[in-house]
Amino acid sequence: MQVTETVEITGHLMDTGLLSRVLDDIRGYGGDYTLDKFDLGYDKDDPSTVRMTVGAEDEESLQRLLMRIQTKGANLVHPGEPEISDVSQDGVFPDGFYSTTNLPTSVRLNGHWVSVQQPEMDCGLLVEGETVRTIPMSEVKVGMKIITSAQGVRVTPPLVETIEDAFGFMDSEVSSEKPQRVLVKQVADGMREAKANGQKVLWVGGPGIVHTGAAPAMVAIIEAGFVDILFAGNALATHDIESSLYGTSLGVDLARGRGVEHGHEHHIRAINTIRKAGSIADAVKQGVLTSGVMHSLVQNGKSFVLVGSVRDDGPLPDVYTDVLEGQRAMRAELEGVGYCLMAATMLHSVATGNILPASIPLTCVDINPATVTKLADRGSSQARGIVTDVGLFVEHLARELSPTYAGAN
Amino acid sequence: MQVTETVEITGHLMDTGLLSRVLDDIRGYGGDYTLDKFDLGYDKDDPSTVRMTVGAEDEESLQRLLMRIQTKGANLVHPGEPEISDVSQDGVFPDGFYSTTNLPTSVRLNGHWVSVQQPEMDCGLLVEGETVRTIPMSEVKVGMKIITSAQGVRVTPPLVETIEDAFGFMDSEVSSEKPQRVLVKQVADGMREAKANGQKVLWVGGPGIVHTGAAPAMVAIIEAGFVDILFAGNALATHDIESSLYGTSLGVDLARGRGVEHGHEHHIRAINTIRKAGSIADAVKQGVLTSGVMHSLVQNGKSFVLVGSVRDDGPLPDVYTDVLEGQRAMRAELEGVGYCLMAATMLHSVATGNILPASIPLTCVDINPATVTKLADRGSSQARGIVTDVGLFVEHLARELSPTYAGAN
Amino acid sequence: MQVTETVEITGHLMDTGLLSRVLDDIRGYGGDYTLDKFDLGYDKDDPSTVRMTVGAEDEESLQRLLMRIQTKGANLVHPGEPEISDVSQDGVFPDGFYSTTNLPTSVRLNGHWVSVQQPEMDCGLLVEGETVRTIPMSEVKVGMKIITSAQGVRVTPPLVETIEDAFGFMDSEVSSEKPQRVLVKQVADGMREAKANGQKVLWVGGPGIVHTGAAPAMVAIIEAGFVDILFAGNALATHDIESSLYGTSLGVDLARGRGVEHGHEHHIRAINTIRKAGSIADAVKQGVLTSGVMHSLVQNGKSFVLVGSVRDDGPLPDVYTDVLEGQRAMRAELEGVGYCLMAATMLHSVATGNILPASIPLTCVDINPATVTKLADRGSSQARGIVTDVGLFVEHLARELSPTYAGAN
Amino acid sequence: MQVTETVEITGHLMDTGLLSRVLDDIRGYGGDYTLDKFDLGYDKDDPSTVRMTVGAEDEESLQRLLMRIQTKGANLVHPGEPEISDVSQDGVFPDGFYSTTNLPTSVRLNGHWVSVQQPEMDCGLLVEGETVRTIPMSEVKVGMKIITSAQGVRVTPPLVETIEDAFGFMDSEVSSEKPQRVLVKQVADGMREAKANGQKVLWVGGPGIVHTGAAPAMVAIIEAGFVDILFAGNALATHDIESSLYGTSLGVDLARGRGVEHGHEHHIRAINTIRKAGSIADAVKQGVLTSGVMHSLVQNGKSFVLVGSVRDDGPLPDVYTDVLEGQRAMRAELEGVGYCLMAATMLHSVATGNILPASIPLTCVDINPATVTKLADRGSSQARGIVTDVGLFVEHLARELSPTYAGAN
């Protein structure tokens, strides 16, 4: 090995397999290592620390390897200053760009550590004077300064609080065989804690919320103050509005609990009605839209970001049809978010998982285990998954959070 | 075509595709047909009637064909008297035996129609003097008299009440996108109606009832009088008892809503404890078992039939290890059942579906759509399927059925 | 009932439940009906015809009702001429617009039937001189002429060829328990027939094609001439290109069949590389991209349309980030398509199902039954669903279609 | 803490989270620990060793705790001699019985370590003179000698070969997004290796093997010598025989790849036919059964054990209707098994997992991820899971293993 660096990693190295994965990465990238020091935590809640020397065949390989293991929290003992390169083509990062995680990250500029603003996955690190922020690939412009080294960058993975927590998710949280009432209560507590801290609660929802008859319960939760922002697509809003205008939702007669085909074209007429009004808020103002989740968000002054997809009809006038604009609008709402609940949507859940800092607690509720698993696989490892019926779950949650909600039985 | 017979069928022939399937069967068995008469119901709730002449190449083919279409309600216009053959080998039906459905069936003996007792699928028809009853293959003995013709047998499919009902199940009932509160209420109404009619409510359950934390809710429902019989396996009872003795259920710490591995061996110690006591009822009497679903069934004088499977540990002393004996014990409990709820078990649900007359309303609740679909595929077409979380479903059901149940939040 | 019209419907009315659903719609919309004539087909392959008088409370209700049942093929006996209204607001249809199906449709203009070009679901009907074509809501401009009546419009549902076909899909095609080799052969035959007719084969694919190791098999099929167009998202193309550049695909080491975490950030570097080259085709020309599905499409002069979604990283420079532009690009490729295979993507499958005329045979392959079911639920009733492993399916398909492909074992 | 013992554990303690789980168990059982020594393996393939002192409040709690952690390989440094108690009630273990794992286990008798015969989960340890073997609870008789201590028992977990292997299963093997051809090859290699070592290959199969059209491929594999024993239920054998006698399998017309309802009752006639013959082997001898999986097993002198379940019709005369007898028959076949493939059955897979020593490599193939996950959850941690279509998988496997098999296209 021609070139080496010394790195250190602290955390529940044994329990969570973290060290093993770092060592595995080193070999996977063709590198080698020597363990220099190993401090074992005695108590199961104590972290351990390992220092090791990592080597690779050449400087470029070493940089790539260091970037890689840094995403797991293995930082340089002597970080040095970062290498910074100019962008020479709009929308293209310089070669060897540092690819970010959603973990808390710092950059060493002029001998000081500067916190990276808005940690987000798969971005570059943009240096602007004394500040550093993440920037998506599509946003970079010629002349911007981007970090192209592992040197000078430090990542701090959140300490998993206890060993049980570390294993909770991987082993068995993604399971439908859990005492569901307890899980409902935990989600309610998470939302209450965020509000008590003056933070916002973000919901990410799919049309299943309407199809399972949970819209009235969600309205109660909005009114109780536990929905500050909603991220969704055209479908949730359309079915909610269709349900309000016609009492149906894509062929489901909500009042009778039975599938009837009527109303299949209602959704396209509902969209036309809102487009005629100008926007969802306009339709509320004009008295066209008088109930439902979207109505309640407007009435209570809450935010929503609707981003379109290739399968949309219409869409509603509020929908971002350009997905990059949609992502920008979502990012703009993340400031101050303290809890995130994802319900019944894989597309918008993964999209939100991509841009959400790892430090924000997030729970994903879906009847399909694959949705939760995919979310976890893509890096949102702070996700807690609950496999359950979204309709009954939101119903229970409303009874927890809304003092006056008694259900619609 | 050498031999022919005239049959008639009445029902919602158009709506439900019933006629089409009968005609399809005729061709599939190499037969032919002429439509003789077609009375169309004007109103969508009116049945239609078709009379047709069916032909086949020889007598044996015709009999097989007639038996086949009779399972769909196409009966002979001139039924004649049945052919009856003696059993010549224990456990083996005579060739050409009439294979039963779970529909109401009559046999013409000495010029009178005699109702078949206990309609059940895939059995033979045993003639004993003036009575006829179904008999499973494994129960026949040398010398018994078994019907071996379609002649003399009449099947009466239940009139599907409305067209919507007919389509409800096939098209979309097996869906997780349904307003779940409404479905809970429908199940509660079905149970109340059965009890109001002096009939019994049968539950068929899997261990998911315990794993999802629904046991306290089920206990409330037992105490409210809406569980008369439970069909289950070794697993439900063991996990319920383990949960009562140790507070755990196969590695799930119920109180904390988190998977912990402790207690994996608790289930085998729980079984040993009950075996030592003699039986579940003895354990209750001795004060060893003091809470849970099985305890509540014993305390309230309700019945249960536990049938084993090849994957059982132990098993509990109450478990039938011979599956044929288990089936017999289940059959013995069916008298007077007016409603059946199946929750979180494919094995016992299909087993019960096999022996349950089609006239008994049944609802199957499972988080896995495949379970409900399989049940329907195997002939229990009166099944209503609800894809939802069993834990939250039973919790809601308890709030509907038990005046004092307030949940365990 | 104040206003009435006489309609006629022809088809396998009994077998497929079609008549029942029409009658159900009439009631669902508050209308009434009298059956005037019923011609029953004798043979199971013969269609039946029903004529009936339909009534509603007022003219507007009647129009809505007639539009509704027309989508099932119940056309006016005396069609008259359509009502045509001017668009008065960009992107908004006139009130009472006729909402289209994807079935063959004609409009009566000046006493002649004119075929509607490009039948597509949930559009309006735009009259331009002597021609009529579908137009999506977002494309209409002030002054355009849109049909706003059921009068003057005729829909021709494809005759389901045999009763078995009609039931095949609903009952059991969406099942994993099918002889899979036979299904592979049927898909291969469908593609061969389209090519023999001088038509194009459209593939709609998700990243699962790459993850399951099926890319080499798909390349063989492209080279054998059975992929003319690919509709996909950023993910399939990115993972294919990542696999070509780095031998990995989102953490899956394809050569060893084992999940390793390496290469998670490779996908973002792969995108950057293609953005730097300018486009996928440029990357092929520059010798940067030398293998894989996208490379093979470029080399063989085949088309692809990549449409973005809110969860995309990058994206690749070829990806439409505006979903409406993406839909337009997809529509532009549909001319001459004679067979469509959808594999491993719900999003793009539903999007394609929305714009594909019902007359084009389509097969949807996915390991998740829900994908196929959703596709069918949304109106693409000509869909044939196969629940199987996409990797092994495409592998088998390559052996069927490519004379030289021998697998990569 | 009043009583203590010193234990030692060796293995990939860090990587696999093993140590963490042991420590977690200690707390979960109310115990405490001091780490005495920690030898870290330098290389990622080197095992580590930890020695610690474990304490509990009283002797009984300590024994339970020691038994618990021993199942993970934490053995006493000074094992001493075991406590042995007499059985005082048939079918009931003495209090405090040692509950076994399926790992290699030894017992110290008279100063020597004796290997436990046939390691199996959830059994007791029966001492007979100088030998020790596992015994299921239902088999113990009054007077037998059963071990009732952790003292004197030692468990040796198999060293996970590499870290990647350890993580392979937990993280991502249970995924449908894998290069499937590679996985087929790995299974084929496992079977070839077992045969090369003079060992037997055990198949555990469900009816999906027949429904997916894989029976001809399985027959080719039997003939190529890679099926020595088949564990299954009544369903696989019945559908295989029905398919041979009538060309159908529970309503699936195998030749045409389309669901038809014909033949639904064929399965009950097929069973009657075999009962009449006496047994499956008799039916083969009499020329009644001339093809299919069961025929091929009989013709090639291979073993099968069919165990019944509560949902069986018939059953076939070869089926064990008593599940405990069935378990005994399965155990009797395990001698010499060197590879196990489980395909398309949860019930029989879990049953086999319960009795199979952990040292035998096993692969579970199912289209339903839950089946594989359940298997792993229940302790068969050596299981490798492949989520794929069983039909195409067995087809591929036949092409790998059978020189002459060319498929049935």
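Which chain is which? They are A, B, C and D, in the order written, and residues in each are numbered from 1.
The rule is simple: a contact is a pair of C-beta atoms (placed from the backbone, for glycine too) under 8 Å apart; a residue touches a chain by one contact, two chains touch by 3 or more.
For clarity, every value in this text was computed on a predicted model and none was experimentally measured.
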Higher-contact pair (C-beta pairs counted), A-D versus C-D: C-D
Taking each chain's C-alpha mean as its centre, the one farthest from chain D: C
Rounded Å distance between chain B and chain D, as computed from the means of their C-alpha atoms: 31
Computed distance of Cα centres, chain D from chain A, in Å: 39
Centre-of-Cα separation between chain D and chain C, whole angstrom: 45
Overlap residues in chain A, where contacts from two or more other chains coincide: 21, 24, 164, 167, 171-172, 251, 260, 370, 377
Of all residues in chain D, those that touch chain B in their complex: 21, 24-25, 28-29, 67-68, 71, 89, 91-93, 97, 99, 122, 136-138, 233, 251, 260-262, 264-265, 267-269, 271-272, 275-276, 307-315, 317, 321-324, 326-327, 330, 347-348, 350-351, 354, 368, 370, 377, 379
Complex interface listing, chain D residues touching chain C: 164, 167-168, 171-173, 175-186, 208, 211-213, 251-252, 254-260, 367, 387-389, 391-393, 395-396, 400, 407-409
Residues on chain D engaged by chain A in the complex (per definition of touch): 12-17, 19-21, 23-24, 27, 35, 38, 40, 42, 44, 163-164, 166-167, 170-172, 369-370, 377
